[in-house]
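Structure first, commentary second.
Chain nomenclature is as follows: A, B, C, D and E, assigned in order of appearance, with residue numbering initiated at 1 for each chain independently.
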Amino acid sequence: MSDRTDKIREVARKWLADGTVEAVVGWEQGTYREKCSPVLVRKPEDADRLLFNDRCTNNLMTYLKRDPVRGMEKVGVVAKGCDIKSLIGLLQESQVEREKVMVLAVTCEGVKKDDGTVPIKCQACDVNTPTFYDEIVGEKVASNPDPEARFKDLEKLDAMTPAERNSFWREELDKCIRCYACRQACPLCICSRCIAEKNQPQWVETSPHPRGNFSWNLVRAYHLAGRCVECEACETACPVNIPLMLLNRAMARTVKGAFDYEAGKDPEVQPPLRTFNLDDDNSFIL
Amino acid sequence: MSKIGVFVCHCGENISRTVDCARVAKASGQIRGVAVAKDYKYMCSDPGQALIKNAIKEHKLDGVVVSACSPHMHEKTFRKAVTEAGLNQFLCEMANIREHCSWVHEKEEPTTRKAIELVRLMVEKVKRNMALEPIRVDVTKRALVIGGGVAGIQAALDIADGGHEVILVEKDPSVGGHMAQLSETFPTLDCSQCILTPKMVDVGSHPNIKLYTYSEVEKIEGFVGNFKVTIKKKARSVDIDKCTGCGECQLKCPSKKIPSEFDRGLKNRTAIYIPFPQAVPARPVIDREHCIYFTKGKCKACQKVCPTEAVDFEQTDEYVEEEVGGIVVATGFDLYTTDKQGPYPDYKGYGEYGYGEDPDIIDGLQFERLASASGPTGGAIQRPSDGKEPKSVVFLQCIGSRHPSKGIEFCSKICCMYTAKHTMLYKHKVHHGTAYVFYMDIRAPGKGYDEFVRRAIEEDGAVYLRGRVSRIYRSGDHLIVKGADTLSGAAVEIEADMVVLATAVMPQPGIEGLFQKLGISYDQYKFASEAHPKLRPVECATAGIFLAGACQGPKDIPESVAQASAAASKALILFSRDQMLREPVVAKVNENTCIACWYCVEICPFTAISKKDIRDRQGNLIKRVAEVNPSLCTGCGTCAATCFSNSIDLDGFTDEQIYSEINSLMAVGQDLFPEPEKAEGDSPDEKAA
Amino acid sequence: MTYAYYPGCSLKGTAIDYHTSALALAERLGIELKEMEDWVCCGASPIHQRNPALASGVANLLLSLSEGISKDVAVLCAACYHNMKKAEVEMREDGKKRNEVEELSGIPFNPEVRTRHFLDILDKDYGLNALKEKVVKPLSELRVACYYGCLLSRPPEIAFDDPEQPMIMERILEAAGAETVSWSHRLECCGASHAVPLTDAVLRLVNDVLASARDAGADIIACACPLCQANLDMRQEGIRAKLGVAHNLPAVYFTQLLGIACGATGKQVMIEKGMVSAVPLLRAKNLL
Amino acid sequence: MPHMTLDRTDLPSLAEALAGQGRRLVLPVREGQELFYREGADPAQLDLSSIPKNSIKEFLFPKCEKILEYEYSGNDVIIEDVAPDAKPTVIFCARPCDAASLPVVEPLWNWDYKDKFFNERREQTLVVTYACRTAPDEACFCVSVGLSPSSDQGSDVMLYGVDESTVAVRLVSPKGQEQEEVFAKFKKGEASDEALEGFAKEGDESLAHRKPLDKVKGWLEEHFEDPLWEDKAFRCIGCGTCTFLCPTCHCFDIQDESVFDAGCRLKNWDGCQFSLFTLHTSGHNPRDTQPKRYRQRIYHKYAIYPEKFGKTLCTGCGRCVAYCPVNLSLYDVVATAQERAEKGE
Amino acid sequence: MSESPQSETQKDGAGLPEAATSWEPRIVAFICNWCTYTGADLAGTSRMKYPPYVRVIKIPCTGRFDPLFMIKAFERGADGVLVSGCHPGDCHYTAGNYNARRKYTVFKALLETLGMDMDRVWFSWISASEGGKWVDTIRKFTEVIQEKGPFREYREMIDVG
């Protein structure tokens, strides 16, 4: 780990010194418990703020679509394999220009959540050693994804009757306070004006009552279907602990099954809702 | 506050028999924003329309709902009426209480209630309707015709005769296409060249036609009425203005062993050549692949002998730009090859039949050349291997066509007819010979077609065997054709001197590249797709592009010509006005919220959405957004539904309108948790009573 | 490279030379053909006429025996291949059929298991280039007529090459240096199924095949089916007696020729077993 | 004056007894890894192991509240006022920092307009606070804003877990004293004032590393433009978790929701971290970047609100530190301000 | 025409049926202009009969269908929602229905995950010539909804606020 930290600092320092990039987005040590925190480094001498360890959970790609990074001519970003999946999504949707980003990939054995547990995305990780980058640091880490991990949590939903599922979600979604932390944390929620903030007409009611919460969470999951790369940032950010990844993974499973598509794999492939096949499933339509 | 007028039609008794029209009018009058509501016996009649017009003036209405029949029936009528009263036509909508209500329900309370709700739904929509103006698009009144076969020739001549300039682009050195290769044509047996050649000459000399032979379409930009086309004129190595077409060069050319494309390899040509005597333009071209000068650097025999110094070895490909308003695609067909070396590598060939290995196994077009008076044998039927007159010829139909395991499921449509013709041509020249035909079904549905096939069988004695052939192999001087006659149930073996394969009609190899440039769709076989198989068979989904001939699917000459004239008339309709008017039901982009994800660009089937740069006064790029070209947009709304930032809306079916329609369905004060009513009586009439 | 090997009953009896030569060849190529345990007759050719479901059931049983060896079942006999592949494809594509068969055989169908003819394995898995490297005695000047018979490439659903114009055997033998001839009767039926009840008809069919090969200039016929080989080989005496035509054209297995090309002795590939002996011809070409 | 003591095991019964008088009961229970104040939870599930993730704010100022209804009638609109759905409530085992938030926000709801919705609820709410002996979480910094882990600000009753089995009761306010009989039913013994003294001492000691923030206001007034804002707030993703979990943040949004011919007006939680919060109809946004919005929050809490109401709009509960998804610690920012003020920067 | 346009019939005393006095199914159908709408017209011209509880909202093409429409319809008290358009290959705009089909697939799975009662969400392709299919579909849908009663689960959510 410290080895990777050193190398990240070295590369960042070099990029900043020779003008390759204007700034580097990375992680620095946080102040609460063991948390790390995103940081923007603009000067070579500040490169030593950067580090990498198993608490570098934040997906830094979310900063590529925000000020001030968005306006930069060229920016470096430190990224784990899972974070790069988001970048691929942003490239597919033309939100980021490839030549404006220098990806400093870092190999990763998996991170830990604040409570010390291993996130599902790490259990199912197939990109411990990233393959899409400009520069990579760290020894190669073999991926050994647990094939069950990704959709394991869905089994409990699958086992419920529709009515049980409905009351499960009613209870969960009633907690929603419409802070939109899920949206803000998501690197692929790219709209400058979210549908939930449009009021002519008001498709999604903004009040945190059951009907507004239901349609908001439904729309969020729908708009991320086929796009979500399962980085888990939304669920981590949610202050009221709604299990958002259950919805996201249910969508991912659907998209995989119906269109044989997985988000975040290939920037050249069309996302599933931007194309169609003549022989797509027609069985459910009368 | 809106001032909407609601006009409820009784349609005689068609509506009022089951719907209480007066109540519908009264209830409509109580909807907020409705200034006047009336019912009347026949709203579409003159007095009915007058009622609407007067109400518009009297109440200064800003919207009209006619509650009557289906809008497919009378929307145009009422929109015209409100226009006459000074209201924008798009502020008039119809609530369909006849087809969707009075005709399909019993006379009972819920039926009238439904009618009221349908009116209310439309009132809420009309409140949010906008005055729209038809979209006007300038039209360049010139046409591009791609392909110089009979379809392209016909389309070009029709448009040119209509008084508009035509750019005709042909990839080969001469126009004429496959029809020029044919001997006689079914079902009349008139000489193909005799009827085609005059048209070729016309095309060459028509003042309105600009002919680019040996040329290809390189690039197409723009949209209906305003296409910009880049044409690549391939280096011909002959200055056709200087050349007189005397043919001296052909005589002197030392490279004489090149299989002639026109004669399907049954005859050779030289490296500098005029493809056939009647070619238009009758000017040679140098085949640089085979020319000794171009391959070895020495020769120039043609240049030396040319009396007008027309041969120009330095010529290079030239690119010209033309602006046109409409495009006719007439790229025609080619034949499926029966060996694996052909241009369709995706398809399995017929190696088992030995085409390409045995010279006496030929395809239909080769037979045409053999039978043609201008062909390699001067019209005598001689087998290619030794020039002997074949005493028996076996014709096989459906080679490739209707054969899913070879990758093609469609019927090539023309083979039944031309095979019958071949047997006749053969029998007329070889009186004692026998013609055998292996067929799957005989498909001859055309004027005089079935009679023609009957004649081949009954008068000319062609032996028709229903079945397929398993194998053809040489046995000494003969070809043994082994097959099945499924009518008699017997296996048959025929000793033949020659075998003719009626191979499938396929699109020109690689033609999808052109279709992609044009932005038109094509099917799995790469045949161009029409906009609607029944109602718009000659138009592409992309506005301003029309189809003619076999590029769309197998066709015979009459069909190709008919479709070419139809395509020409579509182009002429386009050219009949200085500006086109289009329904203003088009998408529009909210540039403030567009995030340039390009979902809409990718998903639009009409390539109507493009990427636009927004720049400041210094020219710096501020942001990029999607832009809808209203000339191309057809108003399907797929982009609007796909845009997840909700930055696209569709005029005529805006989000606001649809939202209001949905809202109108929630009745005020409605009990949300009523108990389902238990059915008490069987007759629904009881409730109404 | 290890394959689950299913010999089938012919290869342990009349076609022992096919079996032996295939193993000798495989050994020289470094391919392991590991014979499956407890195999039974595939039931070709009467079973599918009597009870199609049972035919598939037997095939399913045989495929299941490959477990622990390989997902690919190597088969040499054309009839076995035909029977097993057909069942396999049907079960993979037709859920109803699959349920029926699974119920009947009491064995779950594993869609990952595939029936593979040895020709296909040599062509696709082993590769012609690799094969060429193993050739120590090129079959040069040997003019071979490759005979497929009627079962090996049909129907199209189970074919591993063009069903009407297969060239796989030609490709492989040419890789071993042989010259192959173009001839008409390569896919004709030899009549093996009717060998007993309709011997005269069979003689005529075999005669046609042999004549066609001879006319095309072949020295020898290569077979990939035990029934074809037996028929082409042992009917020649009958043809001489009844039809008065002496072909004297050896019919051998492609594995025998390839084995020799790869350095096996005649004994190792049992080349002397044929009734119309190939030995003089091969000696003459310096291959033995 | 001696205080009565109870058995700790009687706390659930006490909660039920307090609620038994027709009050709704709110108390902290465990959900997954964290605690939450929940209405209607089973008192037996009472969990005092840590500080809940949500604050008690939502029981006085709900996330969504209807304030009026309207209906069209012809061309008129009929407006009907909605009465607050305030219910007698007991918040059982609130944390001192949560209880202390009530007196902090009271002036806001009673400034130029007296908010009947908040006031009626406040009136009907009994706050029974469970004192922290030491800081329950690393994020705590109540001492920095003049409170302490055992502060009784805003509480009606204080409970002190004096040892593993005993809880001492102190009736703080008249509202609390009214409940004496209920508590008396569970009385098991008595404890002296001295027995509770340890709380103040141990509490302060556990937060000895936290600075006083007395100079922050002055520093802020001088440093509206400072690189600190850009550097710290770069990471802020504007999720609003801090404002929504904060016991003192009180911004709300007014939404009209109508269906066809009728509708209602709703008061919903809002937060200054959202770009829409200050977006004008014209399209202009005075706080158009996240650092500006972040700065605003600090200013409001530590300069503007104190200026206006004389109270810091923060009780040091630390939720914004602990739950910030990008670990942007408010304490770090204000402590930096304090430090720089001390250094005279 | 003897009757003057001005002499409009105005019957008094008829109660205005704003809402049903007892529960009736509320079915909202989003249908495309070219196929299903015309198919429903055909049902009318053929005088076929079906229950009067469906309310049609016309859209140009199923491609225009945004799943938000369906959610809003439920929010407004619909007991069932039908979306219907041209059969695959028949789309007036060539591809709108193919794009719509992908949206349906994803959205349907989402609703299923959320435990929505999927008997209340129907998709169909009904061509301009399939008046009979339109009638059958509406009949069956109405029967199902009548069997199930009001969509209480969703209406509970509406009742708040």
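Observations on the structure shown:
We take it that a residue touches a chain if its C-beta (ideal position, glycine included) is under 8 Å from a C-beta of that chain, and two chains touch if they have at least 3 such contacts.
These numbers were taken from a predicted model, which means no experiment stands behind them.
Steps from chain A to chain E, taking the shortest chain of touch contacts, total 1.
Once chain B is excluded from the assembly, the chains that remain, linked only through touching, form the groups A, D, E | C.
When chain centres are set by their Cα atoms, the one at the greatest distance from chain B is D. Counting C-beta pairs in contact, the chain pair with the highest total is B-E.
The chain with its Cα centre farthest from the Cα centre of chain C is D.
Taking the mean of each chain's C-alpha atoms, the chain whose centre lies closest to the overall C-alpha mean is A.
If you average the CA atoms of chain C and of chain E, the two centres end up 63 Å from each other. Per-chain Cα centroids separate chain A from chain B by 45 Å.
Work out the mean CA point of chain D and of chain E, and you get 48 Å between them. Note: centroid distance chain B to chain C, computed from Cα atoms, is 50 Å. Residue positions of chain B with contacts to 2 or more other chains are 592, 603, 642, 655, 659, 663, 666-669. The set of chain C residues touching two or more other chains is empty. Multi-chain contact residues of chain D (touching two or more other chains) are listed as 64, 257, 259, 266.
Those residues of chain D that touch chain A in the shared complex are 31-34, 53-54, 63-64, 138-139, 230-231, 234-235, 237-241, 243-245, 253, 255, 257, 266, 268-269, 271, 274, 276, 289-290, 321-329, 331-332.
Residue ranges on chain E touching chain A, taken from their complex, read 67-68, 71-72, 75, 88-89, 95, 98-99, 101-118, 122-125, 137, 153, 156-158, 160-161. Of all residues in chain A, only 157, 160-170, 195, 203-205, 207, 209-212, 214-215, 218-219, 221-222, 225-226, 246-247, 250-251, 254-255, 258-259, 272-273, 276-278, 280-282, 284-286 touch chain E in the complex they form. Chain D meets chain B in the complex at residues 71-72, 74-75, 259-262, 283.
By the touch criterion stated above, chain B contacts chain A in their complex at residues 592-593, 595-599, 602-603, 642, 644-646, 655-656, 659-660.
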